[in-house]
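In what follows, chain A forms one complex with chain B and a second complex with chain C.
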Partner chain A sequence: MYSKTNLSRFAAGALAAASLLASTAAFAGEVTVWCWDPNFNVAIMKEAAARYSAKHPETTFNIVDFAKADVEQKLQTALSSGTTDALPDIVLIEDYGAQKYLQSFPGAFAELSSKVDFSGFAPYKVQLMTMDGAVYGMPFDSGVTGLYYRKDYLEQAGFKPEDMQDLTWDRFIEIGKQVEAKTGKKMLGLDVNDAGFVRILMQSAGGWYFDKDGNLSIENNAALKAALETEQKILQANIHKPAAGWTEWVATFTSGDVATVTTGVWITGTVKAQADQSGKWGVAPIPKLNVEGASHASNLGGSSWYVTASSAEKDEAIDFLNEVYAKDVDFYQKILTERGAVGSLMAARNGPAYSEADAFFGGEKVWQNFSDWLAKVPAVNYGVFTNEVDTAVTAHLPSLGQGAPIDDVLKAVDSQAQGQIQ
Partner chain B sequence: MAAGKTGGLKRYYDLNGWLFVAPSLLLIAIFLVYPILRSLYLSFFAGKGMMMKFAGFGNVVRLWNDPVFLQALTNTVTFFIIQVPIMITLALMLAAVLNNDKLKFIGFFRTAIFLPCVASLVAYSVLFKSMFSVDGVVNSALLAIGLISTPIGWLTEPFWAKVLVILAITWRWTGYNMIFYLAALQNVDKSIYEAARIDGVPAWARFVYITVPMLKPVILFTTIISTIGTIQLFDEVYNLTEGRGGPANATLTLSLYIYNLTFRFMPSFGYAATISYVIVLMVALLSFLQFYAARDRS
Partner chain C sequence: MNVSRLATTVLQYVFLGTAAFLSIFPFIWMVISSTNKSIDIISGRTGIGDAFGINVANFFSQVDVPLVFWNSVKVSVLATLLTIVVSSLAGYGFEMFRSKARDRIYALVLLTLMVPFAALMIPLFMMMARSGLINTHIAIMLPTIASAFIIFYFRQSTKAFQTELRDAAKVDGLKEWQIFLYIYVPVMRSTYAAAFVIVFMTNWNNYLWPLIVLQSNETKTITLVVSSLASAYYPDYGVVMIGTILATLPTLLVFFVMQRQFVQGMLGSVK
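After this line comes the complex of A and B, so read on.
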């Protein structure tokens, strides 16, 4: 009896010791990553991790998936409290917020410019993560924009795919009126609590809420003014279906209620998820504003990877990002085909996946188009207060619909923004 | 000496008493008193994130010039001035009705009206959001019975968004207040009502002149609790508007603004702390006013 108990005790002890050893050995090289979309950046990070682990078996990954707002809140709390234990090794940050984190928490993120060659990335992407000449992030997905349109609805209204190329927003509104008259469908869904549409238009003309030096630029901002004018024309022409919040907005086109969607390329996965709409969609460059510097290329959202400076696995994390995200062209082909992710590494566009035709879009070479537009996205300074000014613009969108003069709206936005950015 | 002995015993009991409460006092000091003092200290600093500098009363000056703060303050005050009286009156009337022994299925009605306040704040907000969307159940129902001809933009028009928030919190909390009144009504002597009935006092007068005065202390208590709750309103507006307080800042409350200043915007911890002290002052002032208005004049 005694010997049996002792034996089992010994066995248990040995097991415990073995598992302890195993867990410490694994921990030595575990890279923790925070990101937010299980069908997009989480899945992509898992793919990247698998590629790196295949060559470096001693490195393991712990990819933590939670809501974007929670990632931001947790990051901001950990950085402010100074408890670096709570931070991951790599964190995904949306591009609009990059400068906010870099400037309000100096020294919190590792500088990568000495270890990574950034010349191969889309320039606008590198610029937004640069502070005092040093680059602090690894560019990831781009939000290059396109005009997704329902070929079947437009055809009923008498428009061919050629008619959708090289549009102006005024022409877009005219088409919208005819589409509604002939098909009863609205031209686009608009979330009145979100200024994303205004941001797309503004950046397409090379403008932002801030000038090159990061100073607030509202009242004399031609691009912003033109963007607001366009939104007002659309609201007053009533060719839009109003939506409150993201889910409702997405439902406007997944349900087939609207004829077009103007947004970032990352929406492709959601559009393609409606298998019954296959072959009915086309993609054109977004319409152009009627101001100097206007183009058909813009950006919405997009995010990048940052390594925390306090991380114990800092060098490992940087090496991982450099090896996969800055060099592996094949990786970019896979995430494009599987997840619809257009990376910002320019070399990736020469890969085979980018030149493939997509049956969902009636055999169009949509990826080649998107990567062409990506190279043309005007670089702007997102500054540190994009969220604040965006809130100010959002707050004044309803008055826009009621016909308030644009100059008054700009003045009101300016005064609210001034109060916020100090 | 006898006196010395008692003194020693007293000291012994005192010491023991303090030792027993020391752990909780310590915890209260660390997790309640310290944060309160620390946030007061913080409210004198300004800057981006961790780059804070002493600013004196700079944050208070900023309050005056910040249109968003004034809007949030106006919204918060509007919410409690309109919502609290509606809810208290509704709860009182429901309690008076459900205190009637002759009513059938009384247990069912009481439970049904109380049930909303057991629901999770987030869950019911999400539910309201979907019910009140442009082509949600509520708009469809109103259109079907012909009350409206075009769908109401519950979450897209500033006025209706405020109405929706008031509807939501009233739905959630009326039953909760009703339970307080029901409990208090059990202590009201039935013979008072009987006497009033014999004297021919109509039902409405019995309600106004007997029920309400008898419940005065409970009404005061629930009014204060509801006022504090409404001033701190956060969960509902956060979930109904995806944290933005839209449309046009129409549902932005002080608490939501504090949250945004800390977690969504460039972190201004000092300014956020200043606004939280505005809430403290408002709660203190309003509670005092309510106590003053309902004081015993005898």
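After this line comes the complex of A and C, so read on.
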């Protein structure tokens, strides 16, 4: 083992010396990557690796597939114990948790600001991996949101696709009542044990559980308050089909029981999997909250790549990410077509896959639309404790349906969140 | 048989039947689901489908089954044998040799049962990293070998071992290791069998520690592979079910093969 490492170090050194003479740099190490989901992140990373290896045959990749919680557990253990040689060269981190790792383990991840041109990416995506003005990751998939709606149900209720543009949530609820009266279908599926819907609404108005400086912001958070009010109105108007858990929630629209879905773009594949519903769906920008800073763009989920600062193959790993994820427009067409992955490199929209009209959505150019909205997603500070506060919010969501005053709910969330953070 | 006794018997059987059904239901559902497509599993289909072959084919194409199985078998069997050798020797020693410090040391050993693994994880990880054992199967086995619970189990069972046997053997001139090997081990056969079942199951299902230690696709055990399949954004539950069945089979097999000795062993330890 040791002789091999020394040999590869020697080789790398020799090549580095040679590259001083030649103009192109060459690397010769194995880049280890940890990520989750064999059909999504793993498959996409393999595609990226194949593209890089084609041009740099001396670079090999070892892409290791663990469950998401497992990647987090391993990363946490290796970083907490200071055992840097147990770390991979590149690791996938969910965006909501990015600041937690960056701030808890300063110096553990390589700064990429000077090596990558971040102006080409969706701004919100760059913001979430920025700490003290420096950028630490390579933006990857986006969860830019859209309002997917059943054209057939809405038409029966008397609404055309034009009527679905530029909505407010109040208007959305009115439409929902009409839809139920005319078609007997509910307007949306809602799981009151999941705060995803609240997060979408909150971020659409530029708010989060934390302010721009990362301090907990619950009680005087206008965006969060408006988001909770909206969920309460929906619950009280009873235009939702209740769902317990993710699979049940997915079934609300795959079964054709609801007229709309408001979520991240990554749901597109699941929507389109129902071939018999082809031509019946449309996608509009999500409705707007009635507060200052409100917009029609938001995000749910998404993750990004990070290079560990202690990695022996650090420069190689950065060069790889930069060459494929920050420049290769064709790569983004391929992962969109094959895996339904929407990246956050804005230039990707100029490629053929993004320009295509989708027959499933009645010939709409949905990817161009999503790309437009992607650029407009408000940047927020996900802070260190998003998951903890999310748990506190989730715990109090069911009380909304029973008519609890929003200010009381905010107070309860605030005290629980304070308790969890300290 | 009068009416009230009959009623009691009926009630007993109803209760036992319900309990048995509740215990066995996850297994039945797992087997039924393995024959269905992912989408049917999600929608709660309880009938037998026709996707079994496809699920199996998908599982085998996504997972290097022989390698993963070999890893799991190697780790579980080796760790189990080592645990039993070390812990039965300890249990024998604690019961047979009298000394003042004996019960204090024994109490210390039992005390380690109260330390949760989460608290040991990081120090253990650092130890393994410094010894250069990260990403090896040895690192998985080492911390499990001296098992406080199995030492306790062997000591309790040894109380039923008749010391006259040991005394007689001593008179016949046997050394202590000969007594252990030729008399204790054969007499305690059912205890060993029960311990084997318990330790094998623990090792086979071991998840957190292998997860922390193993770093590459080539060293992963079956539990890690199933976990990674199940955590995809859109898991193929049919494939996951095949994985869980394959991960469950060896423990079931071991249990059924050793069931009689297991029950005897458990009875023996109560004495």
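Basically, the second predicted complex is superposed on the first by the 393 of 422 C-alpha atoms of A that agree within 3 Å, B and C clash if a C-alpha of one lies under 4 Å from a C-alpha of the other, contacts with A are read in each partner's own complex, and residues count from 1 in each chain.
Going forward, a contact is a pair of C-beta atoms (placed from the backbone, for glycine too) under 8 Å apart; a residue touches a chain by one contact, two chains touch by 3 or more.
Since the structure is predicted, the reported quantities are computational estimates derived from the model, not experimental observations.
**Student:** Just chain B (first), just chain C (second), both, or neither: which does A:Thr394 touch?
**Tutor:** In the superposition, A:Thr394 contacts chain B only.
**Student:** With both complexes superposed on chain A, which partner does A:Gln73 reach: first (chain B), second (chain C), both or neither?
**Tutor:** After superposition on chain A, A:Gln73 lies in contact with both partners, chain B and chain C.
**Student:** Once the shared chain is lined up, is A:Lys100 touching chain B (first), chain C (second), both, or neither of them?
**Tutor:** Once the two structures are laid over each other on A, A:Lys100 reaches chain B alone.
**Student:** One more residue to check, A:Gly269. First (chain B), second (chain C), both or neither?
**Tutor:** After superposing on A, A:Gly269 lies in contact with chain C but is clear of chain B.
**Student:** One more residue to check, A:Asn62. First (chain B), second (chain C), both or neither?
**Tutor:** Touch partner of A:Asn62: chain C, not chain B.
**Student:** Would you tell me the residues on chain A in contact with chain B in one complex that are also in contact with chain C in the other?
**Tutor:** 69, 73, 77, 80, 82
**Student:** Which positions of chain C touch chain A when the two form their complex?
**Tutor:** Touch list, chain C to chain A: 39, 42-43, 62, 121-123, 125-126, 129, 132, 134, 208, 211-212, 215-217, 224, 227-234, 236.
**Student:** Taking the touch rule as given, give the residues of chain A at its contact with chain C in the complex, in rising order.
**Tutor:** 1, 32, 36-40, 62, 64-70, 73-74, 77-78, 80-83, 85-86, 88, 247, 250-251, 254-255, 266, 269-270, 273
**Student:** Using the touch rule from the top, collect the residues of chain B that touch chain A in their complex.
**Tutor:** So the residues of chain B in touch with chain A come to 46, 48-51, 62, 65-69, 129, 133-134, 153-158, 241-244, 246-249, 260, 262-269.
**Student:** Looking at the complex, which residues from chain A come into contact with chain B?
**Tutor:** Result: residues 69, 72-73, 76-77, 79-80, 82, 100, 103-106, 192-193, 241-246, 248, 384-385, 387-388, 391-392, 394-399, 415-416, 419-422 of chain A touch chain B.
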